[in-house]
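Which chain is which? They are A, B, C and D, in the order written, and residues in each are numbered from 1.
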Amino acid sequence: MEVFYFALALFLLLNLIVGMWRVLRGPTAADRMLTAQLFGTTSVAVLLLLAQAMEQPALRDIALLFALLAAVTAVAFVRRAWPQAEREDGNR
Amino acid sequence: MAIGELLSILLLLAGAVFFFAGTLGLLRFPDIYTRLHALTKADNVGLGLMVAGLALQADSMAAVGKLTVIWLLVLLAGASVAHLIAAAARQRGIVPWKR
Amino acid sequence: MTLLPLIFDGVLGFTLLWLAWQLLGSLALFRAIVLFIAFGLLMALIWVRLDAPDVALAEAAIGAGLTGALLLAALARVEPPGDETANLHPEKDGQGDIVSVTEGGGLPFRRWLVALHLVLACGLGYAVLSLPSAAPGLSEAVANNLALSGVSNPVTAVLLNFRAYDTLLEMGVLLLALLAVWSLGRTPDAPAPAAGGVLALLARLLTPLLLLVAGYLLWVGGRAPGGAFQAGSLLGAAGVLLVLAGWRLGRRFAQLPLRITLVVGLALFMAVGLSVMLAGGRFLAYPPASAGGLILLIEAAATLSIGMILAALFLGSRPGSRGGQ
Amino acid sequence: MTSPLLFALVGIGLFTLGLYAVIVHPHLLRKILAVNVMGSGVFLLLVALAKRSNSVDPVPHAMVITGIVVAISATALAVTLMLRVKDETGRAKLPETPPE
């Protein structure tokens, strides 16, 4: 069973690496941000699998933190990085 | 026990499939809105199936509860972020893709 | 059986290195920041694999919430808009090849620099590889004295009891950083209009949950991974979320109450240390009987202060320095 | 090759990459990112070396936790400094050639 968990975690990690292509290519800033969001969810899944595989229930707390904070970065992006660009776009 | 384990493996595998589909969609779909759609599938269904599979193996009800809370939180974050990004993208004038 | 975890770790390590290469070589700053956020996620996974769940919690609390928000806000202020955050079109920046970045320094200089860094990396690598493969370090000393510390989580015991000096001074460092930011920061905070709709709802739902989980981490820190720093970082993230949603501290709270909250962690830490001294002990050497309670007290105050300091650091300028904030 | 050793070497790699980027990039925000990567490398080395024997050494863990929190506050300070430089000079980059 432990091997299965690890294999699954590895599979998710590889998924994440493949998804990195979208961060590198874009094209828009929102696409990159979106991919970061997917990375967050994937990390939650990997952590839950590792919690089971390594028999460390404390790892679920880390997954809990990721789940709680998943939105903060994206909110910063929507509220700070994008509106700023938009406002000054209008001034030009 | 054996049936529970088998079911858990099936659920976890199904979850992995959804994560894979989400990544594939993220890479292959033509614009930001369709990619958002793909992403939320991995968020909601993929993680949901994984949580269900792991909950079958969990040793206490508290662990099951924590897993469920994590899933609900990811649902909340995923839905809100998808909405915020899509709204911001529309406001910025990114036109939805049409065939 | 033992091979699979090793493969997992190998993939993790190489991905981290590759990410660092890409993010440091990227010409587009926004892309570099997103890669840095992903970098933080992978770091948390590595801490888990190195049996350091306390560190992973701290990295998750800070890396997932604060770092990304801080850097994105900084980018919005520093970069002339219209190039990369705003782009609707594919960028024409090159591959993330760190050596081919053309700005600054001539080519011979670059070659020398690369050579020197290779020498440095090889030297450090040799030093690490030639270390003895098994070193108990201080783990035995900690384990032997754990019963006297008042807590059963060794990391918390080290942080708040055995090496409490470090933590005390670290609280001071945080406060100093905030003072420096307040005295240097000139850019006034331009409060965005209060958010409505989904964002307001999200902030209202998440903030109480963040407070609850912060309390949980603080409480559980005595016997399981968790503690003041992790809990404080969560409070800081809650503060950042509220700031982003357009919420500001009312004028009544922005002066004295805010300042009291900022220093209460350091002040209480000092007070406990000194009162232990007055009772005949040495500075910060708590009596074992009451150590657990004292540590929880200090940690609770430190959590509040750390959270407030981190949120104030994100805000950048002094709250209340402009009317109505 | 064991996992802790592997991660220790990755830490060295991160440190070196970060150091190179700090020297080479004139843009201040990029320097901030590079210093953060350097710091992560050092943290990684410390925690990896703490796991060499069977019993994990908690002292480096405690150091790294304080280090992570200090790193974020130092980053915030650096960002403020960078914004101040931008205010004074109009750009957040170091000049290509040093002033005479």
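We take it that a residue touches a chain if its C-beta (ideal position, glycine included) is under 8 Å from a C-beta of that chain, and two chains touch if they have at least 3 such contacts.
Small disclaimer: the values here were computed from a predicted structure and weren't measured.
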Grouping of chains that still touch (sans chain C): A, B | D
{"item": "Interface with the most contact pairs, given as the two chains involved", "value": "C-D"}
{"item": "Approximate Å spacing (C-alpha centroids) for the pair chain B, chain D", "value": "33"}
{"item": "Mean-CA-position distance for chain D and chain C (Å)", "value": "12"}
{"item": "Between chain C and chain B, distance of the C-alpha-averaged centres to the nearest whole Å", "value": "27"}
{"item": "Chain D: positions in contact with at least two other chains", "value": "none"}
{"item": "Residue list for chain C, restricted to those that touch at least two other chains", "value": "5, 49, 66, 75, 77, 86, 88, 199, 202, 206, 209, 230"}
{"item": "Touching two or more other chains - residue numbers and ranges from chain B", "value": "73, 76-77, 80, 84, 92, 94"}
{"item": "Pairs of chains found to touch, sorted by chain label", "value": "A-B, A-C, B-C, C-D"}
{"item": "List of chain B residues in touch with chain A within their complex", "value": "5, 9, 12-13, 15-16, 19-20, 22-23, 26-27, 32, 35-36, 39, 42-43, 46-47, 50-51, 54, 57, 63, 66-67, 69-71, 73-74, 76-78, 80-81, 84-85, 88-89, 91-92, 94"}
{"item": "Touch list for chain A against partner chain B, complex", "value": "1, 4, 8, 11-12, 15-16, 18-19, 21-22, 28, 30-31, 33-35, 37-38, 40-42, 44-45, 48-49, 52, 57, 60, 63-64, 67-68, 70-71, 74-75, 77-78, 82, 86"}
{"item": "Sites on chain C touched by chain B in the complex", "value": "86, 88, 198-199, 201-202, 205-206, 209"}
{"item": "Chain C partner contacts - residues on chain A that touch it in the complex", "value": "3, 6-7, 9-10, 13-14, 16-17, 20, 23-29, 32-33, 35-36, 39-40, 43, 46-47, 50, 54, 56, 58-59, 61-62, 64-66, 68-73, 75-89, 92"}
{"item": "Touch list for chain C against partner chain A, complex", "value": "1, 4-5, 7-8, 11-12, 15, 19, 22, 30-31, 34-35, 37-38, 41, 44-45, 48-49, 53, 56-57, 60-61, 64-66, 68-69, 72-73, 75-77, 80-82, 84-91, 96, 192, 195, 199, 202, 206, 209-210, 213, 217, 220, 224-226, 230, 234, 237, 240-241, 244-245"}
